[in-house]
Each structure stands twice: as C-alpha cells, then as structure tokens.
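Note that the chains are named A, B and C in the order they appear, and that numbering of residues resets to 1 at the start of each chain.
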C-alpha cells in the first residue's frame, strides 16, 4: 500500500518535472540552448501564486486556484522578455556564450528576488482542500489527482498543437533547419518567441501545482528543480515532447521511491546516476534517435 | 634550447619574481592589510581553478559543469590526509596537495572515460550530474564528516607558498598545452574528425585533457581546504562549477592569460563591492550578461600574452632579426 | 599480391534504407595514381570514409598491404599509412599552418607528457626535428611563407593545399584526395596537378583521388573508376572511360 502511495507521489512530482521539462525541451529543440533561467520562471510563478492568494484571493470568495491566471500571464511575459533581451541578440554567437548568459539571467532573477523579498520562504494555505480520495484503500490527495490530470491534458493539447496547427508545424520546421524555415516564409523570430511563451506558460502551470504540493516560495527554489527537469528532458530524449513527459515521470517515480525505500539523502545521487546510465547506454536519450555525423 | 628561448624563459621568471617582490613589499610595509592578503590567497586558488578548467573548456573545447566535484575530491583528500597522517609543516602540505591532485586525477579518468563519448550539452549535463553525485556521496558518508563537513584541517596560509604553487601549476599546464600532447588536444577542439584522420587518438587525448584538468582542480581544492580549515560538501555544488566556468569564458576560452586575469578580477572585484553587499550579486549577474552580449568571445578571445612578442618588438626596433616560434 | 597497397573486396555499407555503396572492389598497386569519379551522391566520399575507418562497412573486407583493417579506428588506420583530405575542408582553423602539420606528425613523436611538461631534452630535440620536417613539406607546396599564420586566415586555394600538406605530414603510403580542385580557378588547378604529380613521382606515394574537374582527371590519372548509385559502373583507361556509353549516360542522366 505504501508502495502504491509512493508511486502516486512520484507521479505527482514527476508530472511537475514533466511540465517544466517540456519548456526546456521545446526551447532546446529550437534554440539549442539550455535555458537555465527556466527554473527561475517557476520561482517567479510560485511568488505570483503566493502573493495573489495572500493579497487578493484570501480577501474574496474565489477559489485559490484562480491564481493560475496571473501566474501564467506573469510567467509568459517574463519568458518573452528574457528571450527578447538576453537570448535573441546572441542567436548567432557561440553556444557557450548562450549558456553563460542563461546562467547570468538565472543568477539575476534569483538575486533580485532575494533582494526584494529576502531569503526566507513565504508560505500559503493549501490550494486544493477537498477531502482525499479513496483509491484501492490508499488515500490520495486531490492535489495529486489534479496535478497528474492537468499534466496529461496539457501534454495532449501541446502535442496536438505541434502536430496539427500551422504554428506548431512552423516550430517543428524551425527546429530542423533555421535557414530552410526562413526560406519557406516562417518567421524564425516569431517562432522562437512563441516557443518561449508556451514553455513559460507551462512553467506557470507547473509552479501553481508545485506550490499546491509544497506550499511556499523562496528565491532559490527553481534552481535544483530546473536542473532536474532538464535532466528529465535529456533522459527522455531532448527535443521530444513525449520524451520530456516520459523522462519527467521516470525521474519523479525514481526519486519518490528512493526517498521512501532507500535513503532520502541519496535520492539526488540516484536521480543523476539514472541520467548517466541512460546516456551511456543510449546517448540520445530513451526516445531519441542516434544519428551518424556526415563527413 | 636556443639563446633566444633561454632569454624568454629568464624574462618570464624575472617578471614573476618582480610581481612577487612588489606584493611582498606591499604586505611588509602594511599597505596590504590582512584582509587584502586573504583575498590575494583566494586569487591564487581561483587562478589554478580557472586555468585548470580552461584545459577542458578552452583547449579541449568541451563544456563541463562539474569542475567543483574534482575540486572537492582534492579538498577532502588533502583534509583527510592532513588530519590522518600528521606529517605537518610545509612538507606535509605539499605531499597532501600532490595526493589531492592524484586522487582528483584518478576520478578524472574514472569519470572521463565513459562521459567523454558524449558531446556538447550532453557532456555538460552529465558532468553536472557527476559533480552532484560526488557532493551527495561526500555528505552521505561518515568518514568525510558527512553533512557537518570536515573541521580542524591544519591551516596553511603562507602567501609565498600559495603564490609560487599557483605560478608552477599555471606554467606546467601551459607547457603541456604547448607540447605535442597539447597540440593534439587543440586539434580535437578544432575538428575531431580531421584530428582522428591525422592520427590523433581522440579518446586518449580527451581523457588526458580531462584528467589533467581534474588533477589541477584537485590541487586547487587542497589549497582551498588548507587555507580555510573547514570544508563542507555543499560549497562544491553546481553553482561553484558555474562560477569557475564564468571565469574561463569571461577571460576568453582557450587563453591562459585570459583565465588568469579574469580569475583575478572576478575574485577581487566582488570583494571590493562588499559595501554594496545587497546589490553585489545583482551587479555581477548583470555584468555577466552584458559581457556576453557585447563580447561573446570573452574579453581576450583566444589571445595569449607572450613575452616573445614584446621582445620581438623591441628587437625589431633596434634592428635585430626577430625571434621565431612560440612560448 | 604483395604490391597491392590496398584491396577492397565486395565492400558495402547501408545507412538505414540507403545502400550507399555496394559490391565495391578495388585493387591499387604501388605507385598508381587513380581517379574515382561519378555523379554527386554516387558514394565516392563514402568509399573514402570506409577506407579510412570513419564508417565501418556492413559487408566486405578492406586489406591494406595484406592486413584486414576493418574495425580499426581512423587514427590506427593512419598508422598503417593511409592519409586523406576532405571534400569540405577540415583544417585546424585556429592553429598555425605549422601546427596543423605538427599535429599530423604527432604519431611519430615519442617524448612523454612529463618531458613536455618539464621541457626535457628530448622535447627540444623532437620539436626541432618536427619543425624542420614540417617546413620541408610546406616548401614542396610553396607555403613556408605562411608557416606562422592561422590556417583559417589562408585563402581558399591555399587551404586546400594545406590539407594535402597535412596529410603528407603523416608519412602516408596511400593518399586519398577528396575533390582537391573544388573551387579552384584554372591556374590554381594547374599548380595543383603539378603538385600531385610531384608527390607521386618524387615521393612514390600512391594516390586515389575524387574529382569532378575532367581536365585534372584526364591530365594526371592513369586509371579511372566510375561510381554510380553506389556501384562501380566502369573501370579502366581514362580515355576509354570517357567514351563509354554507360558512363556518359550516368552523367547526362544526372544533368552533370
């Protein structure tokens, strides 16, 4: 029974990793950039959720999950601003400059928030407070169910968007070849901005879900979460939507089971060990295709 | 060795000694406070760290994000050695440091052989993963002091020793990189396929560069441990690796001169910004973004400062023929 | 048998669904100068990649002076005496011209990491030797004036020559040149033809070259081999080959 519970726990945190990993994987697929600042978007989203609840919703009768609206708006805006100001000018620069810039943006957001709100965590009351559901005798919280369900729905919508719509196809084309995409009339600029916007909006959803599981916000919270989500994207096969989700869920489950049955201290080591193992066996990730370099 | 080369070597040694003399005089005359000296010691450590990472990132051309892991291996090796084997004094220090380098180097081989098959961002994230695993394991085991860290490591804060250690480390790395082995490493950075087709065993030389880099990171870690006396694994997390990477990239990847200068500047400037403590990290991160936006190749690019070039200029000025070749 | 520098027996490779090379047979005798021609995408470069170990064949065997070299890494194959150039120039851009050659000579250098680190006697001795050797090779190509320039700073034609010079620095028995005249003007091509002949005549290096410029091919090659859709279409004396009906069709059909 405990096992089942831990599995669900893993699916819950895994779903959050998956949502964050989607942002990493989409941006990476198109811009070949590890957007280290993506974790900080989650952090900003968490603050937005916390403050919306504390300052607005607590004063009204509205349910707390309405905070999702400002959270998504803020995350999306910040994602777009970062792309425009910091990454766009560097599009043709060496990859390492992009990486360092991403680290710089990430530090900037952390430290600015630290300066404004201090290092201590801000907490909120729980967001979903319905009674736990009974699931084969295990009690599962509504938060868990909502998290898993929302992630599933968003993944399907995202996949449909990319496969079926004009904009989605433009994204795929751009990720294969900038030049060719531009030749057939796709605006690379606009596609990149849209990619950042979608990734950041998903991060917004992820941050509300995260806050509903761990009800607090602090400046450093996005850092490790972001790195684990990127790890998940790589495990699943970077650039691939299903890969990000698979990677996220696997990572979440492995982490939850390690914490419960092996050692909570070792869980990070095991998660990262999993990444190494996967890449050594399959260098392009679980769902990735191996390609030979043409000479 | 031709006479010209001998001259160059002598001039280089002379310059280092002059720099050392100036620093010593400033210390003795009290212009440099104890606090200033403590920053200068940090400069020595960071110079070794940055130049050692420059070997993998700048010379081999592979981005790694786990350098702090190798540093921590060195720090803990030296710390445990000094506490376990009470040799003490300068000798104990030097033996401990060498041992730290060797241990970190062995880890470099163990990590390098499997991961160096990966490239680009895959390598970056895997090295980050290894760095974090090392950190978690250090915190997990008891013999390392666990999460409390390792206390009571004998202090070694002699500036002269640290200064010359740093000079020796940088010189050795530089001379390897300008030997045939270093050329092979640079060739891999430029074009792996062409390097292979020119007879370079890329697995061997990648592992070599990675190990060399880990070895000197270990030495820097040992210097750090003895300088501060107390170490905890959490210091050596990925943010520390990012810091070192920033030093290398800002200086200009592949340039030892750049790495030395930017390690020095990036150690001293944040300290002088202490009065703006609250804004320090904000300014730092803004500067980082600005430099990348306006000078993406780093401050020095791949340029090196060569005394050869200076001598050349002087000689041509006085109508003598020029010095040829590098170093 | 013993004077076959290289033998390919029924060599083939597939990339997924594409059979890029099939039933490739080739015997090169010591000192020959052979041309490999065929339309774009015929599999010529792939043949080079197979011989130099960049790709491993899915069928067949490749013998170098009697030894099977399949499964050997590219850097090992260089030690057996095969050197190559690339269709799209692959130089060590940020190294000097001299260093480009020194890298290629690395396999014949012996001093240890320790000697290099501490600048011991054999470091200086070998470095001096290698420098002389590199300058000597650059002289053949008339490039020693560029010795200290960065490879990337050379004009295009010189870069192509530098690639050949670098290949020469590995002391090859067999030299593989992939479209050495591509992008050269007629004067440069003439010069290149002289150099290739010189390499063969003075140093006795066997040469296999891929080229589209028929003036070069007919001017210097003693034997030609035509590849089309991964298969050998014709083989023999250059003048017979250019009059061969199937060869003409292969080229015309592809609109070359």
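In this text, a contact is a pair of C-beta atoms (placed from the backbone, for glycine too) under 8 Å apart; a residue touches a chain by one contact, two chains touch by 3 or more.
Keep in mind the model is a prediction, meaning the values are calculated, not measured.
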Argmin over chains of |mean CA - global mean CA| returns B
If we define chain centres by averaging CA atoms, which chain lands farthest from subunit C? Would you check?
A
Averaged-CA centre spacing for the pair subunit C and subunit A, given as whole angstrom:
49
Report the inter-chain centroid distance for subunit A and subunit B in whole angstrom, where each centroid is the mean of the CA atoms.
34
Using mean CA coordinates as chain centres, what's the subunit B-subunit C distance in Å?
40
If you look at subunit B, which of its residues touch at least two other chains?
193
Please output the residue numbers of subunit C that touch at least 2 other chains, ranges allowed.
54, 86
Can you tell me which residues of subunit A touch two or more of the remaining chains?
295
For subunit A, which residues count as touching subunit C in their complex?
292, 295
Could you please specify the touching residues of subunit B with respect to subunit A in the complex?
57, 63, 114-115, 117-118, 120-122, 124-126, 128-130, 132-133, 136-137, 139-140, 193, 238-239, 242, 245-246, 249-250, 253, 278-279, 281-282, 284-286, 288-289, 292-293, 296-297
For the subunit B and subunit C complex, residues of the former touching the latter
1, 172, 175-176, 179-184, 186-187, 190-191, 193-202, 208, 254, 302, 324-325
Residue set of subunit C touching subunit A in the complex reads 15, 45, 49, 54-55, 86
With touch defined as at the start, can you tell me which subunit C residues reach subunit B in the complex?
52, 54, 73-75, 78-79, 83-84, 86, 90-95, 99, 102-104, 106-107, 109, 111, 113, 115-119, 123-124, 126-127, 130-131, 148, 166-167, 169-170
